[in-house]
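Quick heads-up: structures coming right below.
Next, two complexes with chain A in common: one pairs it with chain B, the other with chain C.
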Partner chain A sequence: MKAFIKLHLKEYVGGKSFILFGILGGLVTLILFTAGEVSFANNPTEEVISQFGSQWKFLSIMAGFAAVVVSMGTIEKHRREKRAELLMLHRLGLERQMLGLAIGNALVSMLLSAVLAVVLIFVVIFAGAPTSFIGFIAAFLSYLLTAGMLALMVSVLNVFLPSVVVAVLGVLLVIVGSFHQTIQGMLLNNGQLMGRILAKVMNILPPLDVFNRLTRSLFFLEFRGGQDLIIFLVYLWLTLTIVFLTAKRAGRHEKI
Partner chain B sequence: MRKSSVVLWFVCGAALLLSFCSGRAGLVDAHTIELIDQARMLDFDEDWPGFQPGIYPLDIYRKNLLTRDSVIRYDSDGLREIKDRTPVYALSMDVDPDGQVVVLLLNARDFRSFADAGDLDASSADLYYQAAICHEAFHCFQAGQGLYDVYADGITARDGSTVPATSRLLDADDEYRRLWVQEMEALAQYAKEDSRQNHQLCFAAYQARLDYLYSRFDDTEVQEYLDYAAFYEKVEGTAQYIENITLSKLSGKDLEFALTGYAEGTAKFYSSGFFKAFILDRVADFDWKTDFFNTSVTFEDYLFTVPLQECQEEQ
Partner chain C sequence: MMRIKDLSKRFGQKEIFCRLNLHFESGKVFALIGPNGAGKTTLMRMILGWDKDYEGEIVCDDDIRLGYSPETPWFPEILTGQEVLSYYLEVRGTDKKTAITESARLMQEVGLDLEKDTLVKNYSKGMRQRLGVAQALIGDPDLLLLDEPSAGLDFFGQLQMQTLIGKLKAQGKTIILNSHLLHDVEKVADAGYLFMNTHVFRHFDKAEFEHESLADMFIATAKGARDEGLY
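Let's look at the complex of A and B:
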């Protein structure tokens, strides 16, 4: 399976898309640092906190979209090109192929997310940020894992659904997830029964804004309580379990 | 995969779920209670005599994962769950079925989740939370002072009211938006620097906006709109003033006066009322608060008439 993942990485890593993502991430970072400060009178937040916080928020949304783009069609394409049969002849079962593709997608998404944040890393190192080495590494890891988790979710969807539908659902997942708590609050606020039901249903969707808050709290060295971390780990665990079970199911039911 | 690895994996999952559930134990988390208690103990006697945020009960929204969400009442008797009422997910003032004014609240974590656009750190979010508690408690105080009896008609709910249409037209009117921003900038400048010239600039800007209103709408429409604006400035502007004072007290920073632009609907009256409340409050020995909520007097009645100028001249 390792060789298969390596092959997947070789196919998707590098090239124009990585350069473009690097430029895009750099531009976002520079724009937000020069003109994107969210500031209003009597705001007690320090300017530097506001600037870096907005950076992480924007980058995590972009990383989410990148994960969707990377993962939305790989499994469908793999099946269409009949590579599965060839690999099965080389004793790589369908279950392992699916797992390999999902993990490969997660790794590519994490690499893309890292490329997106290259300029931010330079800013953190050279311009000085209110963080420490450990705080930054922990924040960066949670940021990458969030993108990886999204890639795994989208990969699972692609096992059951065509890539066009997966793309739409993936984008929806990123948008709703990035403003999960706000949207849920609005649904609860309207007082309607349907709103309350939808708000409960939303608990299934990954709260990317909570994951982003975890990233920021690690970065700003204000991690406390651990509730956000537990939620993050619960979703990570659930996602990995679902990926594993889906791959197992695909391996059992698909006969070539 | 080996069987032992699978078992270990599911044990990890169970442990995570257990940690998640134990983290939610209790009616309201300790951090929320700590922040609420701090906010309720703040002293506003110099800022608004009679206002005590600690005397109003709080109804805190509790999200339950699988069961129906519920209300947690926090008052002098402590915490208790109210099960027979549909909770409202809001930061607001409300009157409960027993006629008691209460503050509707979220816990600190939910508040941060709702308000955070990526620009808040934990300590700022906590300050905002406490300021919001004082803001809503001040609405309870206003109710106790008889504000809602004075405005019992409910400005916008009145049958045949022209206010919604006027408000929509004005929000889309570039000239009106320009005049409003010009007036707010004059007010902000006056708040920053107390001078006769700034007072005159404020009056001129207000008069220009008023002239424009009368040139665009008939007298009845203008009067209805001005009543509506005065009501929201009074309700939300003074509450915003208390909120900003709370932020200033807790953060140690001075009050700031800046405008982010024209805000549609009632949102613009928060900052305009705040500027005006601060300007009136700056004048020593000028009692504008005693009858402010139990009569239909407006900010302009004080700002652009004789009493304020007399007090300023005495100073």
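Let's look at the complex of A and C:
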């Protein structure tokens, strides 16, 4: 499976997309830092915190979209190009192919997310930020894992749905997920039965805003309670289970 | 080497094979010829185990190794010819060093050694087909299934493919060739099967080519079948 994933990375991690995402991430970082004409020297702490918080929020949303774009059509393409059969002949079963594609998508999304945050990393290192090395690494890891998790979810969707539908669902997943608590709050405040039902149904969507809050709390060394971390780990475990079961199904039905 | 017993296959209402019996002896080149939709590729897929929805039996020798080259093989465009073979070798679990040596040998085997470092996207159709055969040779198969290896090739490409098949036959490989190119089949096949439809089917062997061309045999079979209302 190593060679299979390596080829997947080689195919999807092109120089152009890296440069594009690097520039995009850099622009967002710089715009957010300069938008309020804030200088670090005489800036109140709250504003710096708010600025870094916005950085993580925007970068997470962009990383989410990147994960959708990367993963929305890979399985359909694999099927269309009839790659599966020759690979089966060379002893790579469908279960491992499905796992390889999902893992490959997650890795590509995480790499692109890392590239998106390159300028932010420079700012953290050279301009200073209210964090520590451990805090930054933990935050960065949760940011990357969120993108990887989204890529896994979108990959599973592409097993059952065409890429156009997956693209729409993926974008909705990112938008609704990024404002999960706000939307859920609005629905609950509505007071009507339908609102309460929809608020419950929303729980199946990953609360990206909670994951982002976890990232920020790790970054700002404010990580106290483990609730956000538990929610994050539960969704991660659920996602991995679904990917694993989908791969098993592909192997059993001999069809991706 | 392989025997197909009472094989029946349907696609919905359409019957493809009805109690088909075929026999493939080792070390020979067999051709499957017939019009589009006669079920030649389907038969190959059944032999490969990719289509299990049939009645009857496909009985092979124990531990038979299969190689397959599809009609339009897909290869990663970002890789060179040799890298493609190394990729499939590594997928099978071969270590990187051995994969490089073995892929170089296979490129030479199919006459692509001078193009081993060329990206597949720059390969001609003939080169792709030969790379497909090289891919099928991975793992030293006993039985090679070649689906339309000369389709879409120019005359020179067809000659190169004929030479390659002849070379593989000389090495003792058993080859099942699915082809529309009758002159191609006459050059390389020892025997074969002509499929017209479920009811019209015949075996032929090399000795018959000396008296009657495959094209004439094909026409005569079709005509006879039409007279009997079977085709």
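Basically, the second predicted complex is superposed on the first by the 243 of 256 C-alpha atoms of A that agree within 3 Å, B and C clash if a C-alpha of one lies under 4 Å from a C-alpha of the other, contacts with A are read in each partner's own complex, and residues count from 1 in each chain.
In this section, a contact is a pair of C-beta atoms (placed from the backbone, for glycine too) under 8 Å apart; a residue touches a chain by one contact, two chains touch by 3 or more.
Just so we're clear, the structure is a prediction, and the values are computed from it rather than from any experiment.
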More chain A residues in contact - chain B or chain C: B
First, second, both or neither for A:12, with chain B first and chain C second: neither
Partner chain(s) touched by A:143 [first = chain B, second = chain C, both, neither]: neither
Chain B versus chain C as contact partner of A:56, first or second or both or neither: first
Which of chain B and chain C A:241 touches, first, second, both or neither: first
Which of chain B and chain C A:220 touches, first, second, both or neither: first
Which of chain B and chain C A:233 touches, first, second, both or neither: first
List of chain A residues in touch with chain C within their complex: 2-4, 7, 10-11, 81-83, 85-92, 254
Complex contacts: residues of chain A adjacent to chain B: 38, 40-46, 49-50, 53-54, 56-58, 181-182, 185, 188-189, 191, 196, 203, 209-210, 212-213, 216-217, 220, 222, 224-227, 230-231, 233-234, 237-238, 241
Residues of chain C touching chain A in the complex: 48, 50, 66-68, 70, 73-74, 76, 78-79, 87-88, 90-93, 135, 138-139
Chain B - residues contacting chain A, complex: 9, 12-13, 16-17, 19-20, 23, 31, 61, 63, 65, 69, 86, 88-90, 106, 109-110, 112-114, 116-124, 127-128, 244, 247-248, 250-251, 253, 255-260, 271
